[in-house]
């Protein structure tokens, strides 16, 4: 049974998703149990993977380029642990909400399972299929409240995501035409020969795949869908989207750049400079747009664009330190952004308004939640004892080492702007008294009653994670290190 | 102009439709055109001159076939891609129906004005 | 909405043939062009034809959407179950555990026939469920 | 005026992209390279999976996992359509 673990990690949430649709009562228990099962399975794999052993599973017994195989290496292990850990917290956080029916948990489990599918698969077309499954589930999760705004946001995302995935598929077609196989490791073996004979086609396929993933990651010129989708979705879904789903795009990009197109090719067509430029632009754009927002969740959504710019700069630098910083920032941003969205969900439910102004006095009413918000937002700005500082520092260090001084200046400027907009929120949180929101009194009573331990504990856990990773950055770096060394000194099996 | 180039041209026409049209249904049409062009692209990269459909004759016992057969892998992939395209289109149409019943318009300019 | 007698009669007479063709496509998917998806869509269109030519309410009495939804879940659970059976019988997930049979016969291809049938039923139910949902929607009141 | 400009701008973008595409594509139509995997499917597909329809032998044999996921995609779409259009909220 132990050789089947990689597929069981994917299938257990998937099976639970269908069982959730069939049973009315046990939906939450089923969802939680399946995710915990997946986490346990992943942890049992981790010791094998970290000892340098790649876990490979051939579906249907067809190996190599014939069939689809799953490969769990250090990088995919790192990303799958982020996905599963945050997924569990999102499910726990959405437990108290009564409005979330079976469909909600079904879609949540499908999206989590397909994220793991994207991460583990070694077949590039299978990656596309899983990504499409993930996108469909996410469109529906955004549209879950079925109000006009969410439907519009979801449709907007559907159009842009559809175009992006079409580009991705076209890029896969280019790769298949050049190499005659779909297995990523086999494509990597054959691509250098194709690169020598027709360089422009290799570059074109890279551009297509990078554009497709760029839409999903929402780098600056392709970000149009993100602010609406991330801010209008229900709060747990926003946390999932900003914390995890965007990272799947980053994973795909890393996988494609470092496994399929080798690093030398990447440097030869100098796309790392393009990554840095895109990162800088979306950094500045996200920061300055966030400054202008009045809506709390919209502010957080623009802040996501800002932080992903930092990850892009780290990836573009491409040295060991830069990659460590980038992957560490992926982890940190996942933790911090989901804390912020969880807190924002509670704040909006309690005060009954989405405006930043309406939050005044919340800090006195629920100091613990407000304090967690402060911790995470300090991390976003990059203030020393919190985890965001460590990864930003690493990226700045790597940039200086590699001779890019301009991005460092931009990161510092963007951090200052981030400080401006987060301190505005914090100031409102702790100043003034709680205003009566738009919500009627009896409804508010209910909401506060519902703010029970399932709501608050995920926030405390995540905030503790922020502090822990900030005080002991060596711990976080040791989590990232195996993946980085895989990327830098990768050996094609 | 061979089918490979034509499929890329059609793909760009679909992209033009998605970007420039204001009607939501026309946008979805553009997406469908893109999907169809990708199907054409995959099928044409798998084509072999003089190749037949990848279905062997009844009664063969395996081994090396004597006839030239086109590459079956892109065709199998496109079965998947077509079904995914249908799913996206169906979902998009359902969203459009819902949006129309909320706002009574399909024009994206008017939709973006409404709050 | 009333449709003419000719359309009603022809749709009714065509219905069994379309269903037969759908089942042919499903069951001969591994021998000739066709397969679960194509056959499933043909089955779905048979139901859609009946609904368009007769009234939707009448068709829904025969093909209840609750049953269609159930069949759909059943199709996918069958697929996953067949995949797991591969694990339990010592192969990998979705591995073929049935004998391959003689090429060209309907019993050849191992798991392909059960897969095709499960997919076909699922797709037929899914297509007609989409149709019901889209056509019965009357907007917000 | 603005609308016309936008349209012209889009058309220029599309034309540039098309020309780039067509220049970059280096595929000899009707004579694909790297046929070893395809030839394996053609030669051994019947022996491995027992189906004379090679497309079926790929999408239900070698790549059955894709097919499973694709049915789930269709299921999610159906569930989504029904969810979106169900009743009055």
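A few comments on the model shown:
Per-chain residue numbering starts at 1, and chain names A, B, C and D are given in the order in which the chains are listed.
Assume a residue touches a chain if its C-beta (ideal position, glycine included) is under 8 Å from a C-beta of that chain, and two chains touch if they have at least 3 such contacts.
Note that the structure is predicted; figures quoted are calculated from it, not measured.
Counted by C-beta pairs in contact, the busier of B-C and A-B is A-B.
Centroids of chain C and chain D (each the mean of its C-alpha atoms) stand 22 Å apart. One finds 28 Å separating the Cα centroids of chain A and chain B. Centre-to-centre separation of chain B and chain D, using mean CA positions: 7 Å. Touching two or more other chains at once are residues 11, 15, 45, 55-56, 58, 60, 62, 73, 77, 79-80, 83-84, 87-88, 90-91, 93-95, 97-98, 102 of chain B. The set of chain D residues touching two or more other chains comprises 21, 25, 27, 32, 35, 37-38, 41, 46, 52-53, 55, 57, 59, 61, 63-67, 70-74, 76-78, 80-81, 84-85.
Shared interface positions of chain A, i.e. residues touching 2 or more other chains, are given as 14, 21, 59-60, 125, 129, 132, 136, 139-140, 143, 146, 177. Viewed as a network of touching protein chains, the structure reduces to a complete graph with every chain in contact with every other. Partner chain B is touched in their complex by these residues of chain C: 31-33, 35, 37, 103-104, 130, 133-134, 137, 139-140. Remark: chain D residues 46, 49-53, 55-57, 59-61, 64-65, 67-68, 71-72, 74-75, 77-78, 81-82, 84-86, 88 touch chain C in the complex.
Residues 1, 4, 7, 11, 14-15, 18, 21-22, 57-61 of chain A are the ones that touch chain C when the two sit in their complex. Considering their complex, residues 6-7, 10-11, 13-14, 17-18, 21-22, 25, 27, 29-32, 35, 37-38, 41-47, 52-55, 57-59, 63, 66-67, 70-71, 73-74, 76-78, 80-81, 84-85 of chain D touch chain B.
Those residues of chain C lying in contact with chain A across their complex are 73, 76-77, 80, 83-84, 86-87, 91-96.
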